[in-house]
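A, B, C, D and E are the chain letters, set down in written order, and residue numbers restart from 1 in every chain.
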Amino acid sequence: MKTPIAHKPTQRKQQLFFLGMFALFAPCLAYIDLSYTQFLDGVARIPWIARTFMQISFSELPRLLAELLSSVIVAFLCVVFSVVISILLAFVMADNTRPNRFAATLLRVFVVVIRTIPTMIWVLLSVASMGFGPMAGVVGLLFPTIAFLIKVFAAQIDESGKDIVEAIRATGGTWWHVVFNGLLPSLMTSFLALIAFKFEITVAETVILGMVGAGGIGVLLQEYIGYYDFAPLAMGVLVVFITLFLLEMITNQIRIRLVGSSR
Amino acid sequence: ACGSSGSAPKKFVIAYLPQESDEKRAEINKDFETKLYQQLGVPVESFKATSYNAAIEAMKNSKADLAVFGPFSYIVAVERAKVEPIAELTLPAMAGKPASVIIVPKNSPIKTVADLKGKTFGFVDPVSTTGHLLPKAVLVKQLGITPKELESGFFKEVSFAGGHDKAVLGVVRGQYDAAATASMIPATLESKGLIEKDSYRVIAESESLPGTAVGIRGNLPQDVKTKVKDFLLSYNYPEYFKNAFGSADAKFIEANDKNYVRIREIAKSLNLSPEDLLK
Amino acid sequence: MTNLLTIRNLKKQYSSSTTALDIDHLQVKEREFIAVIGPSGAGKSTLLRSINRLVETTEGSIEFLGCRVDQARAKELRKVRSQIGMIFQHYNLVNRLSVLENVLHGRLGYMSSWAGVFNRYSESDRQEAIALLHKVGLENEVYKRADELSGGQMQRVGVCRALAQKPQLILADEPIASLDPRSSTVVMDAIHRNCTEQGIACLVNLHQVEVAKRYASRIIGIKGGKILFDGPPEALTEERASHIYEGKESEMIEQSKELMYA
Amino acid sequence: MHPEIKLKQIKVKRRLSLLLFLAALAFSIWYIKFDFMEFMVGIPIFVRFLVVDFMPPNASDIAKYMKPVLDTLAFGVAATVISSMAGLLFAFLMANNTAPHPALRVVLRGIVSFLRNVPFLVWTSILVVLFGVGAMPGIFSLILFGVAFLSRVYAESIEEIDKHPVEALDAAGATYWQKLKHAVIPQFMPGYISWTLFMFEITIRASAVLGLVGGGGIGSQIKQTMDLFQYSKTATVITIMVIMILAVEFLTQRIRERLI
Amino acid sequence: MTNLLTIRNLKKQYSSSTTALDIDHLQVKEREFIAVIGPSGAGKSTLLRSINRLVETTEGSIEFLGCRVDQARAKELRKVRSQIGMIFQHYNLVNRLSVLENVLHGRLGYMSSWAGVFNRYSESDRQEAIALLHKVGLENEVYKRADELSGGQMQRVGVCRALAQKPQLILADEPIASLDPRSSTVVMDAIHRNCTEQGIACLVNLHQVEVAKRYASRIIGIKGGKILFDGPPEALTEERASHIYEGKESEMIEQSKELMYA
């Protein structure tokens, strides 16, 4: 036996993690029961599908762009409405500004539950209740977006500490003064950065909204997929990729400008 | 979208449901909307719904006024959203042909439906007429067993593929021993190059279906209903039918709810009647 | 001279085990300039914050100009607070607003929620705020953003904010603890001069006994939440001062020992 | 610059941005024919739908939902483990302090960005064509998504490690692999564990969505019950899903606290 | 005594405008303990890092034990580096590994890639590493995690790592700049004692002239990248020392002025 060299607790924890990971992995893989031949057959078809995708077609571009615009607009409106609603609620929920403990706790529970249900399910539900179209998209997205914003805004408010709250309180200012004269001005930039970040995510979400029935470019993608029209699908995928990529770059820049970090 | 029940709507919204039989729809021809607009005097909009319950809920909530249904979704819509039949769309090309088929891979040992015992089977979707209702009825009839028996223990495993194309792909790619689908789907996929020629074999066919139902929101004012009905029955622009329903010689004819009695029977026998679902 | 503030049997417990503050009787008269000294954790901040109820007290009464602060309802409390200015160790300015806006925050206590939110400060408020800034030597900083200032300048803004309230009493919680000696002098001068000129009473927490002696008309020494000394600066002998800080020093020696062996 | 002038300029800038924003808002409302009345009516309809049609939850089929739950968890574990392995490889080739070649780095970043920015529901559909139906296309699209996500965040964690110890090993004459093993990996470990656990949470959510487009798991139960108008059952399924997701989040949080 | 290191006409430019280092000739002999002093930005770190090529030089030659470091291929360079130990201001330990593993990193230069990756340190390496740790007073810290140590302890681990290399030369870049006086003494003692005992030459960058004088057998003064002084400690008069730091001090005065008026 050689002299041991490692820091035992750290080493053991890491080993435990990997052990647990693979101990779970093996039975899960067995349970899912993936077929080897299915896999090989599928892989063999990759060159064929790649070739099909190469026949990219521009004929659908105008339609794609028009629908893309409405996807982006749905995201935009949704974020705008959500910001309006969530900003005040965030101050109700944050520990250092909550006017009432009970309301804050209630809100917290709501936010957790709403956030736990994936966005797509919300949209599916709103589509089922309101019918198709961008309106259902906006309403469906509203809930998870509001919950997300309340959460991150409140975290940001908590982080800003008690200093300003106390300063305004000490002058005899009201809750509204604390929020609007004290905290909002100092939190504005970080809020804007968060909003930009959420907008980026929301656009990515609205792009696929159409796939569960709300409007936008997703409807077209779903249609191409449904009819196996790979040429326009390739174009659609490209359009989506370029849009989301550019958006990511832009919002990153905005965030760096506003708060000096990309995340 | 629309005013409350009884009053004249401010705009008229048409929903096209996902058709089980349709070819690719290019942008639906605006001619139909324009002419209907001239008839009604209010703006006409149309939507393609991706799920039929969204369309039905929309009609229930007065957010859509007219919809082109599949047979099963029509009988559900009548029940859930108080939809009234107003016309029927006939596709002469489809008349008298089997609506759905049960297929197996080309070189499968399965020859008859009886051979399906203990195999894996793929339906399309629980609410699909041609991908679930009709084929199930075929199986029940040809095997001479009850739906209950069919569901419990006849097959090794039953899955819902989530789409006609997926059911066919499941058979051809080897995940299902057999699957049910609308009758023209395999040929379509073949022509797209997604499956090889002759990679499947049909072992059973269903009866044919009545035409596609066109339903209108029941609580619209009577004069609107009449206007729309007159318009539909006189409408004859082949380009529209070609784009919207894949067949230029399709046309709207007088509605006849009796045509759907058979579907109702089938649904009832399979415990999928609207009353069962909406209870 | 009339009484501004009367504290009786005041107790504050953060947790059931420790009593942070335990004061039998304390009166503050008009125009007094009182320095509160004591070791860290003595309860100085707790005392000041109890007075305008930034912390809720556990028992006892606090009476400010005839109003029971400890029992006041929201509206009364707001009124009391608007009459008491407060200066903080870390200035507590809103960084992204202009210096002038920060000073004008001192007027919020006199405005409706609505008027405050929409910045409807009266023209005379604005002029007075600017005048205050001139008085403390910030005439060139009026429209700068608060975070562009140095610490000493920020604290002078804090002083102006308190003065803008036209208060009867100013509470200053270690206003110079984060400042270099030079800025400390400037800030303490500004507080002292303005309070004296305008007849404002002042309670100021200080760490440095010399500074307390230089400015105060009365010194209160606190330790363990109790008042150990209360009298004119002259009465605070070396011995008495070191008594107040006693436990503290031995503690500091302990700490530096730990550091050495670390 | 004089502060007063600067203040004025800021004010003008703010006004302009506000104006721009309002213009964009107006355009948006016009472009998608956003009807405010319809919107205001829509929300109560939605809420009523959730309350009237969904309540009370119907738990009669609860045994039937256990298999999809298991499926979802198994999908999550398998996809997370596989994508964490692939993501690890990509990340080391991508991070600027461990990349063996800058060109490879750029190419990989491009690929990963492409994988990430094409919606994974689109990937699922393409994978169905390749592999047919069943678990495989769903799992593979989760993996594609996971690899894209993890290789990016792993690479960022690797880039964030303290470079000084690496330099010390350099000075002692260590090779590339030795530096990787002894200086980079130990420092990257907390990031790796934390992100991998996070990925597990995401895959659980994602596989719920996957079911909506026929990918199996708990999501397909949502779709099926809704298609059959059995909304009270949908409520049960959603409740089960919420509990599952919260449980997973709770668990990963515990593990994270313990291990890091 | 033989020459270990010979530097000729060494130039280093980070950008075209400024020359960070410009050394005509510098020799280091066996067993020399050389302190390099000079103001901040003088080029001390650049000099040390050029020697084991942590920075690439712009022109000139560096010869270590007959090998041209500046032209060495990867494999030669690895060999040279394994013979030169290095100690860093911020210790540069791998925080999440044990103290012992950190010391053993000093052996990596002598192992195959493979053996190193799989921790195949020989038993004698392990024993020697532990012995080194005992020698610097870390016998109780062998299996602790590096980030559990205090600064002084960390630097002693850094020293052990360098010694584990059994080097001919040790480069120490301000090894005590982040330490309190007590720890500084412990660390400098450890470096000096071990180098002397094992006959290792040492080049150590220092900020404090007194420390340099106490330990060094030779002192090199650098300013603006050039050697201004090179001789025994006795020859470094007050005047000469202040000449080396001259520009620097006036600069510091400038800075503090700015602070005052800020």
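Quick note on the criterion: a residue touches a chain if its C-beta (ideal position, glycine included) is under 8 Å from a C-beta of that chain, and two chains touch if they have at least 3 such contacts.
Please read all numbers here as calculations on a predicted model, not as lab measurements.
Undergrad: Using the contact definition stated above, find the chains touching both subunit A and subunit B.
TA: Touching subunit A as well as subunit B, we find D.
Undergrad: Which one of the chains is farthest from subunit E, going by Cα centres?
TA: Following the centroid criterion, the farthest chain would be B.
Undergrad: Could you tell me which two chains share the largest number of C-beta contact pairs?
TA: So the pair of chains linked by the most contacts is A-D.
Undergrad: Looking at CA centres, what chain is most distant from subunit C?
TA: In terms of C-alpha centroids, the chain at the greatest distance from subunit C is B.
Undergrad: State, to the nearest whole Å, the distance from the C-alpha centre of subunit A to the C-alpha centre of subunit E.
TA: Whole-Å distance between the two chain centres: 49.
Undergrad: I'd like to verify one number: the distance from the centre of subunit A to the centre of subunit C, where each centre is the average of its C-alpha atoms, in whole angstrom.
TA: Centre-to-centre distance between subunit A and subunit C: 46 Å.
Undergrad: Between subunit B and subunit D, what is the separation of their C-alpha centroids in Å?
TA: Distance between chain centres: 35 Å.
Undergrad: Please report how many Å separate the Cα centroid of subunit B from that of subunit C, as a whole number.
TA: 78
Undergrad: Provide the list of subunit A residues touching at least two other chains, using ranges where the numbers run on.
TA: If we look for residues of subunit A contacting two or more partner chains, we find 35, 38, 41-42, 128-130, 136, 211-212, 228.
Undergrad: Provide the list of subunit E residues touching at least two other chains, using ranges where the numbers run on.
TA: Residues 96-97, 101 of subunit E each touch two or more of the other chains.
Undergrad: At least two partner chains per residue is the criterion; list those residues in subunit B.
TA: Only 51, 53, 57, 61, 163, 173-175, 194 qualify.
Undergrad: Provide the residue numbers of subunit A that touch subunit E in the complex, in ascending order.
TA: Interface residues on the subunit A side: 2-8, 10.
Undergrad: Along subunit A, where are the residues that touch subunit B in the complex?
TA: Listed in rising order, the residues of subunit A that touch subunit B are 35, 37-38, 41-42, 52, 63, 127-133, 136, 210-213, 219, 222-223, 226-229.
Undergrad: Touching residues of subunit E toward subunit D in the complex: what are they?
TA: Residues of subunit E touching subunit D: 52, 54, 77-82, 84-86, 88, 90, 92-97, 101, 105-106, 108-111, 113-114, 116-117, 158, 161, 165, 171.
Undergrad: Please output the residues of subunit A touching subunit D within their complex, sorted ascending.
TA: It is residues 13-14, 16-17, 21-22, 24-25, 28-29, 31-35, 38-39, 41-43, 45-46, 49, 69-70, 73-74, 76-77, 80, 112-113, 116-118, 120-121, 124-126, 128-130, 134-136, 138-140, 142, 204, 207-208, 211-212, 215, 218, 221, 225, 228, 233, 237, 240-241, 244-245, 248, 263 of subunit A that touch subunit D.
Undergrad: Could you list, by residue number, the parts of subunit B that touch subunit A in their complex?
TA: Against subunit A, the touching part of subunit B is residues 15, 23-25, 27, 47-51, 53-55, 57-58, 61, 63-64, 163, 165, 173-175, 189, 192-194.
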